[in-house]
Amino acid sequence: MEDLQTIVNDIAKKYGSKDERGTVADYIPQLACVDPNQFGISIVTSEGQEYSAGDAEVPFSIQSISKVFALTLALQQEGAELWERVGREPSGDPFNSIVQLEHDHGVPRNPFINAGAIVVTDVLLTGSTSVEANARLLNFLRMVSEDENIDIDLAVAESETEHGYRNFALANFIRAYGNLNNEPADTLDVYFKNCSIAMSCQQLAHAGRFLVLDGQNGLTGDAITSSRTARRVNAMMLTCGHYDGSGEFAYRVGLPGKSGVGGGILCVAPGFASIACWSPGLNAIGNSHLATKALEELAARTGWSVFSNSIK
Amino acid sequence: MEDLQTIVNDIAKKYGSKDERGTVADYIPQLACVDPNQFGISIVTSEGQEYSAGDAEVPFSIQSISKVFALTLALQQEGAELWERVGREPSGDPFNSIVQLEHDHGVPRNPFINAGAIVVTDVLLTGSTSVEANARLLNFLRMVSEDENIDIDLAVAESETEHGYRNFALANFIRAYGNLNNEPADTLDVYFKNCSIAMSCQQLAHAGRFLVLDGQNGLTGDAITSSRTARRVNAMMLTCGHYDGSGEFAYRVGLPGKSGVGGGILCVAPGFASIACWSPGLNAIGNSHLATKALEELAARTGWSVFSNSIK
Amino acid sequence: MEDLQTIVNDIAKKYGSKDERGTVADYIPQLACVDPNQFGISIVTSEGQEYSAGDAEVPFSIQSISKVFALTLALQQEGAELWERVGREPSGDPFNSIVQLEHDHGVPRNPFINAGAIVVTDVLLTGSTSVEANARLLNFLRMVSEDENIDIDLAVAESETEHGYRNFALANFIRAYGNLNNEPADTLDVYFKNCSIAMSCQQLAHAGRFLVLDGQNGLTGDAITSSRTARRVNAMMLTCGHYDGSGEFAYRVGLPGKSGVGGGILCVAPGFASIACWSPGLNAIGNSHLATKALEELAARTGWSVFSNSIK
Amino acid sequence: MEDLQTIVNDIAKKYGSKDERGTVADYIPQLACVDPNQFGISIVTSEGQEYSAGDAEVPFSIQSISKVFALTLALQQEGAELWERVGREPSGDPFNSIVQLEHDHGVPRNPFINAGAIVVTDVLLTGSTSVEANARLLNFLRMVSEDENIDIDLAVAESETEHGYRNFALANFIRAYGNLNNEPADTLDVYFKNCSIAMSCQQLAHAGRFLVLDGQNGLTGDAITSSRTARRVNAMMLTCGHYDGSGEFAYRVGLPGKSGVGGGILCVAPGFASIACWSPGLNAIGNSHLATKALEELAARTGWSVFSNSIK
């Protein structure tokens, strides 16, 4: 295999200067004003080596990538009982669709569409205050990324709340079916703050390392989560991590990944590396246009694919 | 890792004698009359070692498992152009749903639901006679399984045709949208015969070995298909191989797999082994009840999972 | 034709004592506790003659019947422009479905399903305070029924708000598509109060008389609304007045009608009479079980049907 | 009221020369080649007086208007049992949608969408030969229009069969759910021939007169069908006669009507008149663009509306 630093340098150079960059999410001003010309990439290997290039230190809104870590916490807490409240199947619908919820009587298809993540948030909120619920995810992220500076961008969270009619619709609809323990506004308060956490590619790549290592903390060797849970979070990322583009991502990139409308994607090559890539412009399905292409190239050049064992 | 022969023996003993065995497909008499008390399993490792137990030599109707091999041939023939006629996303609908076809104007969601496989069959039929089209898949299967005795069960094919109203509906609907080159009855004739191929677990496990080896022929080292195509067929199996139970199979078993209503499942552990498991009774989603459970246990005992690199 | 008083007496006697009475709406305690053994009917002819029987003087929650009068006011105010924000087609879905809203990008199918009535309410609220908006409908109802005692049942309204998650979902969803001018909570406040107006069969039958008379006030001969608007409100009642049971009501009863989950139905025989019937128990579709049957019998005995001109 | 001959003359002159004429159905050559500049209208009053203008004597393909007469025959034959196999609700979907069929397990929403008419045809075919089944409808039409020259256009029927993939999809899908007694191809043979009957506006207006007269033969006073059946056919026309434009037709025209893709509309003003209007160009929903507008004007000028009893 080529040298990883060469690869990320090449990729950052190539995709950092592309003309066609997708469209920055514009449903809140805080996301709409992000400079689309940014591009960052970080790889953290299973051994803990980091390779970064481009705007890898610039924090961005992780948005739905937070769902990966919220699911990890909820699975630890609830185990298999979680699946009584949320499904495990790809949805075949856009990320914010409400149609499926009606067909399935308030049980979201999976934890990575908005409806499912709202239920996961409700699980984490039950028995806690909203401050505790947010602190729990934030502390988990600080721990796995070994960085105490990670925080919620409150201006983003406020703006999400103000413009979040569709998520209010989803939460109220789920509650109407009895699948929410808390008041919709309370659960959404925690949900919007979790989505508004700001992290850089470097921080995210470190944060994903336990998913590369079957749940282990790479530094200490301790279990951050069970091997079983880590594998299952990876499975959910592969089948459901890119909304209605999950099949195409699995086909083109061949690695578990989760995207956010902030333009970030976290990707896991089990046994090899955790990868974070970021470029704010989105494609039609709502995934980062350039980060998707960059990860496809990275997978091709490294040979990393869960569908093959032959590393170049 | 434990000895593979011990594992398959244990599994065949345990699942061969379970009381709860699911329900045998009954839409045609030829499938309805199959003895539900059968159970077979075969593993063929990347090195070509075979481990079998139970009814591993009994031929059964491979049904939708044929879609894996038809897709391989169609991808070789058409390359990326194939995806203009069929999608790559999990469907979120039952295997024989027609709803999605209307929403997407005759383009099936993926090649592993019936509608998608009918389009793949149409691709393979175009420019050939139906005899040639069937011979092509049959010869491919004989080649990859190294067994010239594999054949179509014509009684099954005839019965499929006679009772295939739903598939006739799908094919006519696709044709109405201009996404079928041949007359529906002609494409379905090839499709039904491909589905009616009879194979044993042993034959199937050998047939899947090239998907373990990044497209290579394990015996000769020649490329049966490109590494790229092999990975992509595996990706489709993981995201779409079990209809509306694909997410759950990925979550529980963690390996690419494809089921058929005959009760068989072909499973691929890239780099490690090809596995075929068979028990005729189906669960509510239409996948073999016991073969699913057996493969979950096999994955747990071997540690094979595309979502982890730590083999026990 | 038989004497109308005989007919209503017969009907009140027969349906007042039926065993099978449907199920009282139970989503709020205020409706759940209504005695299901009540049955009332009132006819007010085009000439103003009233024929009542049973519990015709007992006030009940008119619920969705308020949508008829809200639509009349909105059509007067907006004319054809109203139809840019709400459709005129039967929905083929339950009264509180959200699926159609997503397919049609926030434009409800018609003004008589909840989503459509929320938009109509928003139209009436725009440019007014919520107190004024409620007063407007209330005053209209007092005027057309010639009864100043009609009022909102505030306990019902409060309970609707508290349990109205599904309507909050609808309103937020519509707002997410930009088809609501006011905040969802503000529009719903007016909506819930309008639904919580309490009226008796007698009051309702009087209130519907202008729809019998092509928009005229039966007492004064003045126009309450234009002939055009009155006909169109009748048309909407016939095609959309009973949710997913509208076709069956047209088929069995043959008259424009609008039901509410309080168990009331308002029915219009153009040129002949306005009819209100009430029994709290609902059928599976959410329309009064016995009022539907009673109106079918009334139509058969009077010969009133918009699909025939031969009066017995 | 103005003189009816003046009205039809005005209308024929105005709509005969409009520039914007809609789009002629082009799914078969026999319909695609019809001259779009034609426009005809005929009124036959309850007393039997005929008023015609424009191309009122030119025969055209009645297509779905045949469903009105097929339903009349099926209701006579089966009575209420018919409704076990087909619903009575507006569909909220296009005329050839298959989505609803899957949701409702093969029971079409109503007899006026294609799927429902195929079931009605199957009812009429059961126990007869296909020749007899076609003869039955043809003879009924000849009788009610008092014209022995009405016939099937076999070139149209053949072309419908050749290009009828979507209808083959519907029929096979219905059969897959067990809601078709005959082979799909046999039922469709009768269905396509019924749709291919050619009639002029004059013939159609006469044919609809029994629906004006509560089922009576205007000439003899005999019952062609029961009063109950006539009203119910009118009810189905009002709620379901214009596919997904039924609500709008009821709203604008206010009369029961049934359209066909040949550009014809049959309209019934109970007690007053039967009206046939024809212009080949269709609007986006598949109903005649100019015939719809002409009927709206006719209703306004005559005052005919089932939602009012005040005739100008």
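All chains are identified by letter, namely A, B, C and D, in their written order; residue positions are counted from 1 within each chain.
As a convention for this text, a contact is a pair of C-beta atoms (placed from the backbone, for glycine too) under 8 Å apart; a residue touches a chain by one contact, two chains touch by 3 or more.
Just so you know, these numbers come straight off a predicted model, no measurement behind them.
When the partners of subunit A are compared with those of subunit C, no chain appears in both lists. Taking each chain's centre as the mean of its C-alpha atoms, the one that lies farthest from the centre of subunit C is B. Annotation: 31 Å between the Cα-based centres of subunit C and subunit D. Rounded to whole angstrom, the centroid-to-centroid distance between subunit A and subunit D, based on C-alpha atoms, equals 55 Å. Centre-to-centre, using mean CA coordinates, subunit B is 47 Å away from subunit D.
The residues of subunit D never reach two or more other chains; the list is empty. Contacting chain pairs (ordered by label): A-B, A-C, B-D, C-D. Per the touch definition, subunit A reaches subunit C in the complex via residues 97-99, 101-103, 165-166, 168-173, 175-176, 184.
Listing the residues of subunit D that touch subunit C in their complex gives 87-93, 100, 109-110, 214, 227, 230-232, 234-236, 238-240, 244-248, 250-251, 254, 256, 270-272, 305-310.
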